[in-house]
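To keep things clear, I will list the structure first and then write my remarks on it.
Order of writing sets the labels: A, B, C and D. Residues in every chain begin at 1.
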């Protein structure tokens, strides 16, 4: 059986695994991510690849796919900017090829994860899938015509930074009104803060879960309270869900996918999130009376998506 | 030389031509468009194809591509809804195949035109082109990875109806704040109306060109005045250009093309429009300090784009 | 008993009445409004005053107060602009004094009506009342410290044209996003149009009341359907009520009245409107946890408010 | 000559002075403000009043006017909420009357300052003045019909918290899109941060004045750079000025003052601020073609305004 190795380079750890053509992960190794030292990072990745090859001597490993945080050039070789890794304009593929005698490609991690969902996860069977990752910020990937769409410069699917509100909330990117200021995990936490300020009674359970200080509340606390049925937490999800659905309506006008796959920590709430998202999507999408509406599902691959997607893209 | 026939079905006329592999049109016929009668429309198209084949007996015509107003299903066969033609859920390819013994495909006309621009026109040489047509409304087409992207249900690139202003101007689609309410020919005319109401002196030339009544002003009048250097008309273009650039910034975040090609009547103003568009794009695009910025050009194929694109897509 | 005459000059008719110090109207005469002819208008008003004096010979009539559509200068004498009457910069008080040997003052009609509500109507007993009239457009009046507040140039309380949405709906005034585009009778009708376009089933009763064509629907039809419990009509009122409440929240931040009095045709729906308005006001008002919140009531004087208010202001 | 004592209670110091009927301050004493201890605060104020009376034995001191941070009830007696002083629902007038055998009234400090500007400062001679204070946040006061307008509950003129952008920037008050998020000193600093992120070259002088770290930039630095002609700083003032002018346009629609007086630290920039403010006001005000436009001036009383206004209101 022909396999490939997928490597997921995140801000804190490097995870690598052997992936078969059905998208199953057979072995995983993890190492801490060195910061701002491309040679050290290449060493870690190289070592992980060697380790997996030794431990899986029988596996016919054909290539290595890297999924990394940050912008990756459309050449699938250069890390243009990865602020979380402290790298810029780095010829990372070349560094790795010096260490690994297999074909290597470098991809953006969100694209890799989106590809995994589209091929093997919640989007399986569809050639037109838009994945939206609702984490601290908002990212994602576009699969159209059965291919991952990287854009002309490798920077497609930066959904978090399209603008939903003129003169809206300031964003770390320097713009205002970016979608991720309204539809992310950070936005969910912001809703909890607002609630505590304006309706303390309704925020009581959230304050309690935050250990008494709403400033310490985490997205996971809000999900937990919402699962318990806490009205305040459910209101936070409705507010964020409204903005998520509205953004999906815009993406549908532009991309018309068959399916949206929603991942990231906020999606752990499942239908508590998806209910308001679907309502909002249907109210906001243009041409709703006449067009076929995309489905909306929660991602199913979990944290393995990055490894699987990078691995599967390695041979394409 | 192998050629194909392209047919452009618009609200008022059907235009068909023989197109060679270099995207050149060799012969054109035009007929009025029958309304709300699919059989009559198929007759007109069938007759045009026959006529072209007879007149171009030496041309090795291999297929027929149709570009039609309205939504076309991703099967490239069914007209889902074409309000301007009075058709809905029509198996138009089947109708044509009964009349034409060549392979036929049906495409959305904006997609066909975008394909022509990307292959032979202003986007020539790039595999990642987003065409935006600023006519009465706003439409367009997406070419990514060297392919036209129709979306999962054939309705991709309905740019005019993504929302730029929450609770903004009412749109004919039933939504509010759609881009085409701010960035179209109709929006340009609206700017002229506003100017006449709030600053009559500055609108004097526009009123004059409209024959004394600003309610009668046309987009072409505003372009003419702007070319003359009229400050009021230039202000109208700056206002619309601001919104066009802002929308391109959002499209760049989502699609990351190498190139935007701007067509439609509003683009007749050339740099009078593109200057403000480029300024606004650069101010509004997220990550402008680090990302490579797409170029912005005016479309170069003119009204032939629909025929050429439909013809060229017929063999793909 | 000392009385005064109040005259309400509207776009179609001139109504005049004798008003006692308790704000009761004792006799009314009505005449059609001449257009764009200040002398003819002064004749009509003069004749009405004479008629009332003859018919009420026993009434100790001390003065005449005029409430007129349009801007009135803070001198209470000059009609600055009354587009509906076809007048501009007209010394209307002077014209009347030539015809009437009683003290005359000229007021804006919305200010006159607001004064009547504050003194004798729904605002009775409070010295800090903001009246908001939701008619075709939105107008109103401000009573603070027990006095009508006309502003420095007589143009205060033009509530309909403060801006609630940047780049929002175009307004007849030449601006965009004015409150009256969202919170007026016309906005209510716009909601019905939107509903018919996007959710025809839910709009069925409204279409029926409009005689089969939603384009013909009137505000009164929507009120009637809402009173019947029609879900579509109720949704229209909720949408408009949301914007009304949001505007009241802004007015509270600026003016801090004890009481809002809501008049105009849209307020005929009573609690069907006020329910959503109060909800929205409470959600949107700044400092809602700590400040005392203004009450919100429906106007109680009906169409007599203009006559009563003008009459009562005549001696102040 | 009959005089009064004015006391300005701020978050850090209590300043008191003897003020004559022409609004001149004859003697001033200052003390630190005790926090969250109403008795201690009353002691400080009482001592300051005694001190001034002793030092100005010849002055015929008739009353004491207090201007304090926070909400003051319309009864001019109770501090409803003064978060900066740590007080809530405090019968502060009563406390003072136990210490001072002169008539005492308590006012909101922004109202007191606005009154001083309207009576003796930049608004002198006009009975319809709206003062807008652009400090860290935005506050102000309304003088209409020659009287300070406190509103029904003493909370009028909270201009900073009327909403200019739906779903806009989060505000400390719990709402979103409040004017002070766009038009204050803090907003000015935010513009400098944005500039440094998106156009570092243009922000170079601002970074330098901030000691190398834009996060440390102060409003005063931006003013200084703007006075030097630095293009980046001037752009910050233009951005904030646009929002200030837009807000004044809304206030004009509601209040129609003869004059706006702009105070607070941001106004130290004088015409550098007022130029863009006037431009924006004229572009945004409704009815600009027909209405008389309010003047816009910088405040002239400086930090004495609070003492003078409180003193002058003491006898009204």
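Operating definition for what follows: a residue touches a chain if its C-beta (ideal position, glycine included) is under 8 Å from a C-beta of that chain, and two chains touch if they have at least 3 such contacts.
Note that the coordinates shown come from a computational prediction; the quantities given were computed from them, not determined experimentally.
Enquirer: Consider the two chain pairs C-D and B-C; indicate the one with the greater count of contacting C-beta pairs.
Expert: If we tally the C-beta pairs in contact for B-C and C-D, the bigger total goes to C-D.
Enquirer: Name the chain whose C-alpha centroid is farthest from the C-alpha centroid of chain B.
Expert: D
Enquirer: Approximately how many whole Å separate the CA-defined centres of chain A and chain C?
Expert: 54
Enquirer: Using Cα averages as centroids, what's the distance between chain C and chain D in whole Å?
Expert: The separation of the two C-alpha centroids amounts to 33 Å.
Enquirer: How many angstrom lie between the centres of chain B and chain C, each centre taken as the mean Cα position?
Expert: Centre-to-centre distance between chain B and chain C: 47 Å.
Enquirer: For chain D, jot down the residues that touch at least 2 other chains.
Expert: 165-167, 174, 197-198, 288-289
Enquirer: Looking at the complex, which residues from chain C come into contact with chain D?
Expert: For chain C paired with chain D, touching residues are 71, 80-81, 126-128, 142, 144-145, 147, 149-159, 161-166, 171, 173-175, 178, 246, 249-251, 253-259, 284, 286-292, 294.
Enquirer: Would you pull the chain C residues touching chain A in the complex into a rising list?
Expert: Listed in rising order, the residues are 166-167, 197-198, 200, 288-289.
Enquirer: Provide the residue numbers of chain A that touch chain D in the complex, in ascending order.
Expert: Spelled out, the residues of chain A in touch with chain D are 165-170, 173-174, 176, 182, 190, 194, 197-198.
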